[in-house]
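One chain, chain A, appears in both complexes that follow, with chain B as partner in the first and chain C in the second.
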Partner chain A sequence: MNMQERNISDNNFEQCIKCTVCTVYCPVVPVNPLYPGPKQAGPDGERLRLKKGLYFDDTLKYCLNCKRCEVACPSGVRIGDIIQSARIRFNTESPKLRDMVLANTDFMGSIATKVAPVVNMTLGMKPVKAIMDCTMKVDSHRTFPKYSQGTFERWYKKNVKNFQDSFPRHVSFFHGCFVNYNYPQLGKDLISVMNALGYGVHLLEKEKCCGVALISNGMIDKAKRNAGVNTESIRKSVYERQMPVIGTSSTCTFTLRDEYPHLLGVANHDVRDYIELATRFIYRLIDEGKVKLVFKKGYKARIAYHTPCHMEKLGWGIFSTELLRKIPGVELTTLDSNCCGIAGTYGFKKENYKVSQAIGKPLFDQIGKLKPDFVACDCETCKWQIEMSTGYQVKNPISILAEALDLISTSEANK
Partner chain B sequence: MGHLKKDNEFDVIIVGGGITGAGTARDCALRGLKVLLIERHDLATGATGRNHGLLHSGARYAVTDRESAEECIKENMILRKIARHCVEETEGLFITLPEDDLEYQAKFVESCLAAGIRADVIDPKEALLMEPSANPDLIGAVKVPDGAVDPFRLTSANVIDAKLHGATVLVYHEVESLIKDGDTIKGVKVFDHTTKQTKEYYAPITVNAGGIWGQHIAQLAGARINMFPAKGALLIFGHRVNNVVINRCRKPANADILVPGDTICLIGTTSSRVPFEEVDNMYVTADEVDLLLQEGEKLAPKLASTRILRAYAGVRPLVATDDDPSGRNISRGIVLLDHETRDGIKGFISITGGKLMTYRLMAEWATDLVCRKLNVDKACETMEIPLPGSEKENIDEISKKTWSKPGTPHKAVVGRHGNRAGQISMSSEYDASLVCECESASVGEVRYAIEELDVHNLVDLRRRTRVGMGTCQGELCACRAAGMLAEAHKCTETAKQDLQSFINERWKGMYPVCWGDTLRESEYSQWIYSGVCGLTGEGSTEKI
Partner chain C sequence: MKFDTIIIGGGLAGLICGIRLQKAGKKCAIVSAGQSAMHFSSGSFELLGRLPDGTETERPLEVLKQLPKEHPYSVIGEETVAEYAAMVPMFLEECGIKVSGSADKNSWRISPTGERKPAWLTLEEFVSLPDKDSKIGNKALIVNILGYLDFNTKFLADSFEKQGTECRIVSLKLDEMERLRKNPSEMRSTNIARVMDREEVWSKAIDQINSMIKDEDAIVLPAVFGLKDSAIIEKIRTRLGVKTYFIATMPPSVPGIRAQMRLKAEFEKCGGYFFLGDTVKGADYNEDGSIRSIETANFGNIRMYADDFVLASGSFFSKGLTATPFGIIEPVFGIDVKAEDSRDNWFDRYFWNKQNYISFGAVAKNGLHASKDGKTVWNLFLAGSIIGGYNALYEGCGGGTAIITALYAADEILKK
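Moving on, here comes the complex of A and B:
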């Protein structure tokens, strides 16, 4: 008998051969000596934790969950997943009020959008910021993203829903909390672009927050519930309505595809390939000759593109940059691969502020040197971080496309 | 013994730094004797360090060997008290598989109870809840008080206590001959492998605790002990698959015990007679690996897809019974030989047979005899007094008491050294940084081991701290540790040679199981050491 052919480890962490390249690529390690780095926190620590839970190290909370370690790993070890799973299994501290406020993006959003002007003004006031800094440990340097008056969903139903069926082809749009509560304009831009390309845009039967903030703040039960609802809605869209699902947020898209099965145990293998980022969806249509883009004359912009960490993990940065390069008059620079430091709610927490800014510094410096007209990025939290730290405006590639396209001519071309 | 002695004069000389010798040295020292312990290699290099690390409940012996079973359960309960930081109270299961005879279970339970071993028949479903990795096809399960014990730690703790009570410990000192005066053994002539000098030490009693090599020591005294070396091979897996010891409920056979030990788990053993000439050169064959895996999977199917770190083999020191002139019958339990009454050789006794589990009892018997011969009237206390490091608290309590914010490396240190972790410096960033990342061994811990725990080389260091025992098998830690040894011993050349032999020693264990990720890792290690570091030994044709 040849046992060797059979005995191959299917324990992902055992595929680590300790080359340590993950730790070299970790953005936290150089700026926070308290963090042991992905190798020690991940595959190394896992063996000790399997021995006894008491070897769980509280410092795992410093992990950004940026997944850069996984991108770097030549052995295919899901290091970030190992670390997050350990936090899920062993962390005994229950989430603080602050973490609950930060993590429940859809609950907070649905309340705040009703009284947006008051909330926006209040959250922007210095004394309020100081109080939040002291009492809730939300760093006073941070500016909360503004809430919009009324949600994207409401606007959609009132203004565009009725004619979406008239297009020849269809997609579902996972808008996410940012588009719904903070920045409906991005959703409007997506609908303009997709409609011009001949696609009707539909909402999912039910959409909940993707849950990324719930996961990083330890609210796993709620994250699982959301994942169940979203995956089921996506399944209906794909199989009952024959509509693939697109998103404008790299993190939401990544979470729906990979974090659900890896961290939350919600199976999605039957729909995973039908969930993608709008830029990739559009680029592929162009590539296959299925749609044509007609641009406005005289559009000019010097753009610096920042690849969000989860976009690196998806490996899809190239679709956004190549799509932008198709716009005549765009001078595009892809910024060096660096984490901006915000990592969703991480950077909002007082204890992480310094680390967060130190991680982002090389990125901010490069943007400062380049002096672009604005920055492009597929992630909303990177947007807040870059806007706050550099003063440059950050736009989603879909919004840039909406600006640069001659929508009427494009519609004609795709009839 | 109050009166003044010269530096090379002792009350008792103990030959052999395995657990028996270490335990005897401790017991003798606790009874006030001036003790010398001599070991030709490092502590725990023989059978002591080459077994399952199973804290036997005795259940395994209950059916066939009641006496051993009774000794085991008594010592099991004592070790839980006195050696807390060496012992893990995991519990054990004896599972019956469809191919096994379920009737054996009744006999087994009855024998356990008769020997004083708690044995609860539990529902197979309950057994799977207790240990989810156990074979789900099981048709019967019995819960027994098995556990895990770290033999290196246990030996080291006994040596520490012996030294705290005045004992002298000389490792890398090999007995060349026994000093005789007529029919009396007066002492030993030893060769110091470090300084290459020969020295003489004197004592009225010499205790032979040489394990399998005790046959040779007895020969030097002019006595004959017949040993039957029985080789047992084991496989170490990359992580813990089980947290409860899993045994097969059948007559003892190959590969029917899976023990969780520290960060790994191990399956064993095989059993085959080997000629005495081969006891210093044990290797594991491909057939043994196949057999261990094949049988191991039946205990825990997950083993089939778990990375194997290494394979190793030990030699059971089985002793022929004195009452059998053919020398073929094996004595099961502890063998204490007073060579004065047996062979007419005064001042010389042998303590052998037995098991890791019964080392303390063996030491007690040997020490009682030593004391009788020396007219010392002091009772044994080793069943009551905790070993150094095992004084009371658990890992969490000690960690919190010692450091304000204990992380994984701090807790790992406490896990290995118990209460003595307080002596290990982890305060500076350098001291807290890791030498061995797989097992979380810090610079402070390595320094403590070099300074306090008789560490001469990297292999010794591995036994005290687990440096090099993790998944990478020395890939990242060996060169760091070699650097620290070079500094401590002020010799780079020796450290370099040591590094090479350590890497080769690790390779020897990986070779029989070198496929899959273990193969990738060993290739990467080779690339680091021979490709990047340029470590190529002259005269060495072995692949590192």
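Moving on, here comes the complex of A and C:
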């Protein structure tokens, strides 16, 4: 009998020295005793799973994939990747209808945006929420993000595409599902800011959902297909059109850069460095002395910045906060490093609602105490969670920049 | 991105150095690849427990001159070490960390297995004993939490009984803890502490202990209280009424993590930038061999510039040092390292013996400068266990060297 089916792991679990530091920083462990914790679910379990897949533990689904374990690990073990890879490899449960609805953000979005007012009204109705709660296990406490009437892409093609070539420098914009179907205003803000800095903004030849929700809901084949299409489009943008790619969502950006090669096996080493968050891109241009920002007089705001988990993993929170600090009249507090609890589609599921809110509580309490004018954050799902749980409005730093910049003078300064 | 000083390593040495510099008005960044060894803290910092020849030291400051010249204390100079040692308790207090103990005479801490180890400064919940064989009481009630395996009550009882203390071991059963036991692998100090920090839970625990006390004059508890705030320690002491000894547990260390979080918060409060989970990938140098900038994994094409750099990247555990088939190297800058050439001399096959590899590390020149290919790197300073020339474990001086070299390196930068 073969007791050891495999002896090599795709991830570096051998580097784990069992120090348990990851467990200290896992946001799920303190609130959900059913979750075995990152050390057990990750490297410890991996050792067993290499023997035989039957050692796979279904409770790995409680992992948020927030990667805080990886940020804390002193030995550089990719604990989050180990857990997610195990789910991809061994999970036999097929996704429920609910999971498919939540995960297929682009498919649902493309239908919903056509009839947005009806969908928004329907999803907001109490009886509908109750039915979804009972039949689909989508928690009734959740407010579905509103769909916009018409997509960002359509607006772009109709209104701004024709003059983007007139700028001296160019970037491609990975807008993601949120900008396209829910909140085109963020995309419009990005275009105002980048145009003022002298950059034309272009869409990728083909853009699919980054796939983060597909990965967490077990729809791996579709995630791989999306990853392939996106990476190929990014490659064309970078090498054929000489345009680096920027995004406004920390999670989409993180997925395009790191989850594709680590979890989906889609190689992107030749383009990874050209995929960047817009705040980092702008910060870098300022740092290199290539662009100038001119701000409106009299802009004033007390802002609390929340660092999303994937931003923490990217290590890029600094670029967003430094950018916001450049705005005169902004008083900025960086909130303590805590997970908001939503983790994409995780918090929408009825079975996770309580855990999700318990995880976010320290963050909500801190915002409540600070009483800022609004919260800033680079992640759309954190935005929904914080807005629902605290009542404070959450804005992307790019939108704040668009508000605070004197766009005409900035355009003049960057001619 | 430009800073005055960039510190590589976010453990005890890196944070102390950063706080010192930041308070003096420097703009500092700390780059830290993961969390630090403070998560395994014993609860005490040692100054010097033994000389390299094995002689136990009672009054560490008086024997500093007997240390070899490559020992970091010797590089700094014995008088300077004494001045810093006197200053450290106040420095820590200002960071919100209360300690007891003195550099004039070692006290004794109780290890997780009940051994007595020489200590200099001890975190507030712990009692350090005046003598190696001090008795904790005539009768002790050793209290564990049911299902918690990182607190060795039997070992502790055996060691206390050697001094003539009669011991009774009991366990607390709390509903709130039972839910943690669903996952025995995660019944860890920090998870217990998170639950225990709620007043209704620790209060219930105290009531249970009070109902179990008979004629004991000492209570022994695992140090799993006050992860974020140590205020409950004093409340528990008062409520118990009987002299209470908190004993360090097996890792992770709740008091150590609390101290680390306090130091990090203090550093950030003073305006410092802490980059966790990032790794230095390379550096570029000026013509005179000094460092101009570093490149990190997360910053990528945005380089980090500074006037001065401090290497506080630790020893082997945190990859400050790496063993390769060709020798021991310092992987960030490739600076000079002192180590035995022959692999046979790296370690002793008997685990508990003095292990030579622990004394390997970067060569510290005067002023704690690093050197590369024999040449001093004038803007690179060393702090903490990256420095070679001493055996922190054998000599019992890890905490002291970390804190004192960190303060010294910071002051050398400020002097420039």
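The criterion applied here is as follows: the second predicted complex is superposed on the first by the 404 of 415 C-alpha atoms of A that agree within 3 Å, B and C clash if a C-alpha of one lies under 4 Å from a C-alpha of the other, contacts with A are read in each partner's own complex, and residues count from 1 in each chain.
We adopt the following convention: contacts are C-beta pairs under 8 Å (C-beta built on N, C-alpha and C of every residue); 3 or more make two chains touch, one makes a residue touch a chain.
As the structure is a computational prediction, the values presented were derived from the model and not from experiment.
Asks: Which holds for A:Lys39: it touches chain B only (first), chain C only (second), both, or neither?
Replies: A:Lys39 sits against chain B and chain C alike.
Asks: With the two structures laid over each other on chain A, which partner does A:Asn7 touch: chain B (first), chain C (second), both, or neither?
Replies: In the superposition, A:Asn7 touches chain B alone.
Asks: For A:Cys16, using the defined touch cut-off, is the partner it touches chain B, chain C, both, or neither? Pick first, second, both or neither.
Replies: Only chain B is touched by A:Cys16; chain C is not.
Asks: Once the structures are superposed on A, label A:Tyr62 by its partner contacts, choosing first (chain B), second (chain C), both or neither.
Replies: A:Tyr62 contacts neither chain B nor chain C.
Asks: Is A:Lys51 touching the first partner chain B, the second partner chain C, both, or neither of them?
Replies: first
Asks: I'd like to know which partner A:Phe364 touches here: chain B for first, chain C for second, both or neither.
Replies: In the superposition, A:Phe364 touches no partner, neither chain B nor chain C.
Asks: Classify the contacts of A:Phe152 with the two partner chains as first (chain B alone), second (chain C alone), both, or neither.
Replies: neither
Asks: Using the touch definition from the top, say if A:Trp384 reaches chain B (first), chain C (second), both or neither.
Replies: Touch partners of A:Trp384: none, neither chain B nor chain C.
Asks: Show me the chain A residues, by the header's touch rule, that chain B contacts in one structure and chain C contacts in the other.
Replies: Dual-contact residues (chain A): 17, 19-20, 33, 36, 39-40, 44, 75.
Asks: Where on chain C does chain A make contact in their complex?
Replies: The contact residues of chain C facing chain A are 1, 33-37, 39-40, 179-180, 182-183, 185-186, 188, 190-191, 194-195, 251-252, 257, 273, 275-279, 296-302, 317-319.
Asks: Applying the document's contact rule, which stretches of chain A touch chain C when the two form their complex?
Replies: Residues 17, 19-21, 23-25, 29-30, 33-37, 39-40, 44, 70-76, 273, 280, 283-284, 287, 312-316, 318-319, 322 of chain A touch chain C in their complex.
Asks: Which part of chain A faces chain B closely enough to touch in the complex?
Replies: Interface residues on chain A, with respect to chain B: 1, 3-4, 6-11, 13-20, 33, 36, 39-40, 43-48, 50-52, 54-59, 75.
Asks: Can you check the complex and tell me which residues of chain B touch chain A?
Replies: Contact set of chain B toward chain A: 238-240, 260, 262-264, 289-290, 293-294, 304-308, 395-396, 405, 407-408, 411-412, 415, 429, 434, 437-438, 440, 470-472, 475-476, 515-517, 520-521, 524.
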